[in-house]
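What follows is chain A paired twice: with chain B in the first complex and chain C in the second.
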Partner chain A sequence: MSMRTRTAIPTWELVLCVLIVAAGVWSSKLSPYYLSIDQIFESTRHFIIPGLLALGLAMVVSTGEIDISLASIVAVGTVALSKLAAAGFSIYVAAPIVIVIGALCGTLNGVLVARYGLPSLAVTLGTMGAYRGLAFIVGSEVGYTDFDDSFLWIGSEKLFGDIVPISFCVFVTAAIGVWLLMHRTFFGRHCFSIGLNPDASWFAGVEVVKVKIRTYALAGALAGIAALVWVGQYGSARGDNADGSILFVVTAVVLGGMDINGGRGTISGVVLSLLLLGTIRNGMGLANFGGPTQTVVLGVLLVGGVLRPALAATLARLRRHTSDKQAGA
Partner chain B sequence: MKNKLFAALGAGLLMAGLAITPSLVEAKDSGFKIMMTPKWTGFPYFELTGEGAKAAAKELGDELIYAGADHAEASLQVETLQNFVTQKPDGIILSAIDLNAVAPVLKNARKKGIAVATYDADAAVPARDMFVNQLSYEQAARVMLDCALIDVPEGGEIAFIAASPTSPNHMAHIKIMTNLTQTEDKYKVFKVVDTQFANDDDAKSYDVAVNLMQAHPNLKVIISSSAVSAPAAARAIEASGHVGKVYATGFALPSAIKRYLENGSEKAFAFWDPWELGYVTAYALHEKMAGKFQPTEGAVLTVEKVGTFKTAKDGEVVYGKPLIFTKDTVEKYKF
Partner chain C sequence: MSGAIGAVGASRQFTKFVLRMRETGVLVFLAILGIAFSLLTSTFFTVQNITAVASSAAILAIAACAQAIVLLTRNLDVSVGSMMGFAAYLTADFAATHPGISPIVLVFIPMGIGLVLGTINGLLVAYGKVQALIATLGTMSLYRGLIYIYAHGQEVTSSRLPHWLLGFIDARISGIPVLVMLAVGIVVVVSLFLQYFPLGRRIYAVGSNPVASFFFGLRSERIVLLAYMLCGLLCGVAGFLYAVRVGTVTVVLASGWEMSSLAAAVIGGVSVAGGSGTVIGAALGAVVLATIDNGLVLLNVSEFWRMFIQGAAIVAAVAADAMIASSIGGAFYARRPR
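Moving on, here comes the complex of A and B:
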């Protein structure tokens, strides 16, 4: 045991995979309705919107910052889409505009955080309220529902023999895109290096401010896409859209193994944690668990996600301890 | 081995044949599976509607499952409803958070032959079979003015607190109440002086109530259809030393206003019986599923032990039994 082997697949992702399978087995024990391809794909619908936000948040978190205004940007996006639809624009014009609006909201966050060096939690707490307020002023609480079918396509139609929701395909595409960006390009490496040590990155020639602003803009753009999915799925645009969903998003990112202080983590971990949370919620929902019970289970998982690095360190120390003993013997 | 296989196949075919025999797919009149979700679970008002519905289901030989998220969010409610549809119930009961957001999943449910009833808060009309409305707008307006008459029989200036200018039921109540104070002798003693908005928010309602009392020195009654704003106004009256000069009334849960009624700072509030509302909703849905009741305009629903209820247009069954709580009666209600 003197030679230490490095595993190719990160251990946390493996743990998540095992947990997903366990959650699937548990869910099928809980409810006879769980185990069906139709049902499982149908249930993914409810994770597309938080999932898109989690991908964006993961990028921001990799640089050591945070963005809790993303759910409010979704509301800005949905009411903007409703105004465009009411003005008679087609989806092909309206959709890019909404994504750009999302990116602009994100850029504003990024400029305040990166250029002016303000604490990201405070900035995005402020813009969370400001964007939500804006959505209420523009959209009012009555909301808009006269969307044309072309606006609903992304959230209501299915592909491959009427099984796979289009919104799921949108999420898979976005996940692959973000994965490539974060793990296969200079941009991604710069993000993680900034998260580890912004000063060292700056000395090494990384444009810290620009990179950070870009992560915020991309997260905002993903929130814009999430707004399109929201309208497609619910056919309703109101100021309170997606209110209160940010906690779930943060849970997914932290449980996925992203270090909340930046510099460490993988996009595949975030996707796996979304699958895990989705499976658990689907199973509990089908078994008609009470709302408070579900919240407790998700809360325990969040705490578990936060404690994970500490637990891993303890385990590593124990292992070293035993292997040292063995080496000594 | 082979013989066994054939035997099993034969048995399977026989069973499949039995299953499609018409005599077995006749409409049943009991043993329905009903699934119910409120705006959010854990809130005493909604829990009581759930208990009422369960009681009705039990008496009628149905099964009723009550579930939902612990906070009011449209996307979570849609998820709950989707989970319901997957479990293939005969009927669904809900109180809608966003009348339009729940429409697609409910339409899909109805396409699959699931009967849908809303109560407390309606969904878009094509998305459900019926809406069991606790009180009609007119009834609600009248019962609130009646409470104001208990507070100050001689009348005087009154002001309203609504959630927002876009909240449909609150604004309708205010319009009808204003009308009644101009047209009906009984209510002519009142003069409407102001309408303010507080977004169903406790702190905001408190501030608004204080402002109203400052702005209108002769104000007698603050009326709100919001179960959040009415108790907050009562608190503001007590805290700002206006007890006996100004009264708050409107819709409030008895548990929220009990202490004001008991210490004499307030005289009357109104609500309806949530247990019975749930009971009537489940009963109505059962009758619909059993083919004994069609919620068309003018149709009458007879609920044993409770009474008869008329159907208005668009499948709106009006429950319409307001309750007024006073010092002497508030003790009876546990919600």
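Moving on, here comes the complex of A and C:
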């Protein structure tokens, strides 16, 4: 089994790389302005927030669970940040508090799912509504936009000679951190083993409940960081922040080769699929495709991404079938 | 041997008792809500207001019923709102451009559209082996996006709809809105189908124990596909009724209904782990949600509390479900194959 995953996944990552290049070429044909460093870094803005959520979701999915409340946690985070900003806290105090609030929201999901054994989909569907409602109740319908400039640098300023946005650096750091965690530590191995077989992992001494709760808490904390980036990029906080972005997030994770049933997948695949989706979205924006069209394309990609293993299995069966026939003849 | 059969009979009776208790629980909760709102406001317990609650619960009850059928097979449909919107927009658009269309033909259009959309979901889940959430999350955005593209930002206003249609939805027979009667009729028919027809029983069988139903010889793919088709059909009907009730059909019609329908079904005792619950319960769940909605409006509470309460209610209902299941023996949750 391990041999199969080892040979199968890198090829998928290679396919993703090829697709990214193809999407880039397509985009550069659409617009002469595409191939400039500024434009490309500018386009990364679009997938940083869903990207941070996708990294968190990838951890949760590796254990065979799911969390669709992450976008709502972003709204809770932005509203909390607006309240802290209004109360006169500095960003250096407010930011850790927001990240902790995100982690607490995630932990609540994790406790309900892992400790009490409730189905993760139903629980996070419930908390998705509950958290967003909470964000609206706390933040009221009117958004908050009076953020001090010190709250906005994470989304608006650039580093290295005014080229690389800070939010991109945040994403890269988070991606490297999650990659190390999932592929170079016991914690990551435990996550994947739980996804493959929770009972066997439990017998092998893995603390299944604790590990699951930790993945949810980390995903929540990443959503808290995403909330900071949101405020930095848009300068506003309202209960409907990041509403509907969960589709993009789930698509990125699934298209990145994470098995939605848990146990298989790589963080690098998720990052590559984010780059691919970001490039496609940027290209569609340059080609003046409307938002609805983009949503349709995203939906098709999502279903295609999940159908991929089934299609590959069917192809393999057909190939085996024909080779058997040839061997028989 | 007879002892074993007796034990099975007893446990089945016990399960039935618990299930019945679950629906009684919903009714008791509904009564408590009703009493609380009547004490807190003077306007809640009036004939006019109760009729309004029943009318707003009617369409949600049909959508919850649709969601419940899919939940029973241990699947999920989050494209309910998009299917309703899709069927509603296309039908309203057709009715507006063909004013002379006969009522009987017009009723079949949303049903047909719903059936097609439901079939796509069903094929993806049953034969494509795509996880239900992912498949329907994809089709949710797909269907909604297609309406956007088709509509070009236009909306169908009530003045363009046939008059008989708008008259029908407000009609009452001896004080009871036709809409409510229609919803009750649909829920009863679906309930009878699920309880007494072999095909209906198979929907329960596939959801409650896929392995056993496989060895029994059931073709689970076909049954899951059928469940999604029924779900689409009912969503078509619900979307059509909703469009006529609202009057002005926009592209965002019924968005967010996947949440409400799921909340109603789960609050009404339909288990997300499949195989347990009834559509009558789901319809009662819809009445509970409509009552909460109405009461909060009368109490002048912000509409955002509704979102919070709905979400919290889903979590509470799922937790209650798990507690009941573990008190039965934990067979549902502890040993369900993944």
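Assume the second predicted complex is superposed on the first by the 305 of 329 C-alpha atoms of A that agree within 3 Å, B and C clash if a C-alpha of one lies under 4 Å from a C-alpha of the other, contacts with A are read in each partner's own complex, and residues count from 1 in each chain.
One rule holds for everything that comes next: contacts are C-beta pairs under 8 Å (C-beta built on N, C-alpha and C of every residue); 3 or more make two chains touch, one makes a residue touch a chain.
These numbers come from a predicted model, not from an experiment.
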Could you tell me whether chain B and chain C fit or clash when both sit on chain A in the superposition?
-> clash
In the superposed arrangement, does A:Gly285 touch chain B (first), chain C (second), both or neither?
-> first
Please indicate which partner A:Ala122 is in contact with in the superposed arrangement: first for chain B, second for chain C, both, or neither.
-> second
Considering only the touch criterion stated at the top, classify A:Thr295 as touching first (chain B), second (chain C), both, or neither.
-> both
If you stack the two complexes on chain A, which partner ends up touching A:Gly143: first (chain B), second (chain C), both, or neither?
-> first
Kindly list the residues of chain A that each of chain B and chain C touches, one partner per complex.
-> 141, 290-292, 295
Chain A residues within the chain C interface of the complex | 64, 66, 68, 112, 116-119, 121-123, 125-134, 136-137, 141, 198, 239, 247, 250-251, 254, 260-261, 290-293, 295-296, 298-300, 302-303, 306-307, 310
Using the touch definition up top, name the residues of chain B that touch chain A in the complex.
-> 35, 40-42, 65, 67-71, 73-75, 78-80, 82-83, 86-88, 98, 100-101, 103-104, 124, 164, 166-167
The chain A residues in contact with chain B across the complex are 31, 33, 39, 42-43, 45-46, 49, 140-143, 145, 156, 230, 233-236, 238, 240-245, 281-282, 285-286, 288-292, 294-295
Would you mind writing out the residues of chain C in touch with chain A in their complex?
-> 76, 124, 128-131, 133-135, 137-142, 144-146, 148-149, 259, 262-263, 266, 272-273, 302, 304-315, 318-319, 322, 333-334, 338
